[in-house]
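What follows is a structure written as structure tokens; I'll ask about it next.
Just so it is clear, A, B and C label the chains in written order, and each chain counts residues from 1 on its own.
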Amino acid sequence: MLERHPSALSSIVAIGLNTFREAIRDRVLYLLLVFALIIIGVSRLLSLLTVGDEEKIIKDVGLAAISLFGVLTAVFVGVSLVFKEIERRTVYTLLAQPVARSHFLAGKFVGLFSVLLLNVVLMSTALFSLLAIRGESPWPLLPAVFLIAVELVVVTAFALLFSSLTNPVLSSVWTFAVYVAGHLSWSLLLLKDKVPEGIARWVCTGLYWLLPNFTRLNLKSHVVHGLELPDGYIGLAALYGLGYGVVVVALACWAFSRKEFL
Amino acid sequence: MASEVAALSIAGLRKGFSGHLGIGRRTAVDGVDLSIRQGEIFGLLGPNGAGKTTTIKMVLGLLRPDEGEIRMFGMPSSDRAARARLGYLPENPYFYDYLTAREFLDFYARLQGVSSADRGPLVDRTLERVGLAGRADTALRKFSKGMTQRLGLAQAIQHEPDLVILDEPMSGLDPQGRREVRDLILELRDSGKTVFFSSHILQDAEMICDRVGILKAGRLISSGLLDELVSDTVRWFEVMVAGTLPAGVESEREAGRENEHLVRVPDVEALRELLDLVHAGEGQVVSVWPRRDTLEDLFLAQTLGDKPGA
Amino acid sequence: MRAVNPLMAVVLVAALASSWAGARLERVADDSSIERELLLLPNGKHLKVASLGQAPVLADLIYLWAIQYYSSYERADRFRYVKHVFGEVIVELDPHYIDAYWMGALILIVEARDIDGGLALLDQGIAANPDEWLLPYLAGWEAYHAERYDRAEEYFAAAEVIPGVPVYARRTRIGMAAAKGDHRRAYAMWLGILQDPVSDAGTLDIAERQLRHLKIKIDIEEIQSWVEKFRSENARWPRSLNELVAARYIDALPIDPLGRPYAYDAVTGEVAAQQDRVLSEGA
């Protein structure tokens, strides 16, 4: 007879696949991707304006484009996906199935991140090809691209967390806020020393540790200038980012389980 | 056939919503108790805004009740095992545009835990049951409202759930569509399933329900077997007479067409008298309509506070 | 319920692993990875393009950061990129950022002891802002302190003819000619500016700073001259400056504007000021 309810893995995979297919159809995705590819191409033109290391411009712009468009895609596509489903009540019949809500959200995450990963791979391929054509080895850029992917894990997790909590406009705003704050968290350390002793200092320290420190995941200038990294840095940074991402996804799952569908 | 455990039992259900910016509070569902036996068709009726959809959402776990308990086949409704025995169709459903009917049902079958070997044949069978076999590979964005509704029913019944919950299943359908849905619901009951649906189309409910409940402003003001609530006896007759009325006969009101009058008589005796009079005079009897209490009368009486009849 | 626990365990492990990795990275990152990134700032011309029209704000932010960075004294070797940061980034983004020119010049001259670098930066500023009298005026004073009197005179001559230059600035060139090396004269001039009611806050600031510089020079000259006198009369350098007081050459030892005594090397007989910390005092 019919099985009564699916395993966690199979439902996450099923929903992930479905989400992937849905995200692939979002036109915003293609818009952003094409724009990113154009920018990478344009960097070739920009390099004509500079004196000296022309490849540096291409690498800088390329990595910046991959990172920035990755984040934009994570936020806009991610937020709109969840919103559309709720708005159009597609989600009602899904939640009536014997699938735990947390599995549902985990599946969404898997699907969404797969699309982002695909995006990163496509953009990186374009960038790497451009460099290879010019006779420059692109492989040193790989660690930076890898950590950009890790950064996207965290941003996507936040996008899903906020989508479960509030409307799409606020979700996007909050996710961007976290992204910006994560890149500027080092300034909290500077602020801590300038601020008078007491609660303010604790707040600064607390926020610094709580916010995702995206600077740690940012190897763009390291790879472009060929700077040496301490041993095991990439592993540590990946562990930091992925661990953080897991926690935020768990939070998102919790938020989604508590959600009421009016 | 029906066993002891209720298919669905709701006790003391309450749900309130806070108003905008936390000001004010509106109680959507105010103490609802109902029990549906296995193998019966239950209709939850009521005007718009009565709380039907809110109640159903709470049964489905889409909303959390403030108070009360919901059980399905004896299990708490939040159990996954309970949801496995459940099929649901929301009001005005909308599904993924880009999937075909087949892909759509296949996805839902996966979520139900059907193995890959069984999925294909199951989907085919289901498409046949709802009459969409010819459109198996059409993209959902090309579906008409009626076809979408049928597909919605398909996913609700595909896994042979013991309890099927339908929120306004007839809405937006033409008479043909509504007939098909009614037939499907009857079919489900005949194969031992329990059906719980909400509607504001009373005629449909009257035709197929075993039991009804009338919801008004969050309260269940009437509930019970349809046969008990709505009696079968003739209350009065309405006779349409064309031409001049016999002397002494008053018309209830003027009918639409010229020279047509509507006369009401309280029983068979009075009816015979009237027919004789008309026959003897210059008028003609156009139609005779025996009026029974309909669900609509009951409904209007309950919701507006008038008594049925005159 | 049972399914929750393994999941919670995974999340807990992830949180711990992430925190541990974060703490480790914190120690590693102390090796100025952040600063390095910012120090290797791209050329201002490129940044300008990237800033999408917000170049002045970007200049401000980088300036803010630079000030914080350069005022933390724990970092050795922090002057490697001063010229780049100030001369090629900030002022490229905002060529009219007067503060950046003279602050950068100040850091170069006082902290990194690079007179030529500082003056070059000020020259850059003068070239980009021909209507700004303050830059050649300050450059003149810095040249004066570096005892490049001819250059100082050139700067003051340039400042003098810029419309809007205040009255006392005009007097400077004349005073300069007379005061070549005469610190007391220069001191008096600045004192006059400090007491002048029309001087604005910025100028008063500068005046105070100049007065401090000059006082140090005057004090050192004075002590040095007494040390020399002691030597000529006693055929040896005094063992410490206090000996001068004991031997009644001076009534009391002058102290520097921060309240510290002057340093003295008994072997070479040299009097000097203690390490100057321009940026931390009265910014």
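Here is the rule we go by: contacts are C-beta pairs under 8 Å (C-beta built on N, C-alpha and C of every residue); 3 or more make two chains touch, one makes a residue touch a chain.
Computed from a prediction, not measured in an experiment: that's the story for all the values here.
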Should the pattern of chain-chain touching be classed as line, ring, star, complete or other?
line
Centre-most chain [mean C-alpha coordinates]:
A
If you average the Cα atoms of chain B and of chain C to get two centres, how far apart are those centres in Å?
84
What is the distance, in whole Å, between the centres of chain A and chain B, each centre taken as the mean of its C-alpha atoms?
47
How many Å are there between the centre of chain A and the centre of chain C, using C-alpha atoms for each centre?
43
Note the residues in chain A that touch 2 or more other chains, in rising order.
100
So, in the complex, the side of chain A touching chain B is made of residues 2-7, 10-11, 14-15, 18, 21-22, 25, 88-90, 92-100, 260-262
Help me check something: in the complex, which residues belonging to chain C touch chain A?
3, 7, 10-11, 14-22, 24-25, 28-29, 31, 33-34, 36-37, 40, 42-43, 46, 49, 68
Using the touch definition up top, name the residues of chain A that touch chain C in the complex.
8, 46, 50, 57, 60, 100, 102, 186, 190, 209, 213, 215-216, 218, 221-222, 225, 227, 230, 233, 236-237, 239-244, 246-247, 250
For chain B, which residues are in contact with chain A within the complex?
17, 57, 60-64, 80-81, 83-84, 86-90, 92-99, 107-108, 110-115, 118, 122, 152, 155-156, 159-160
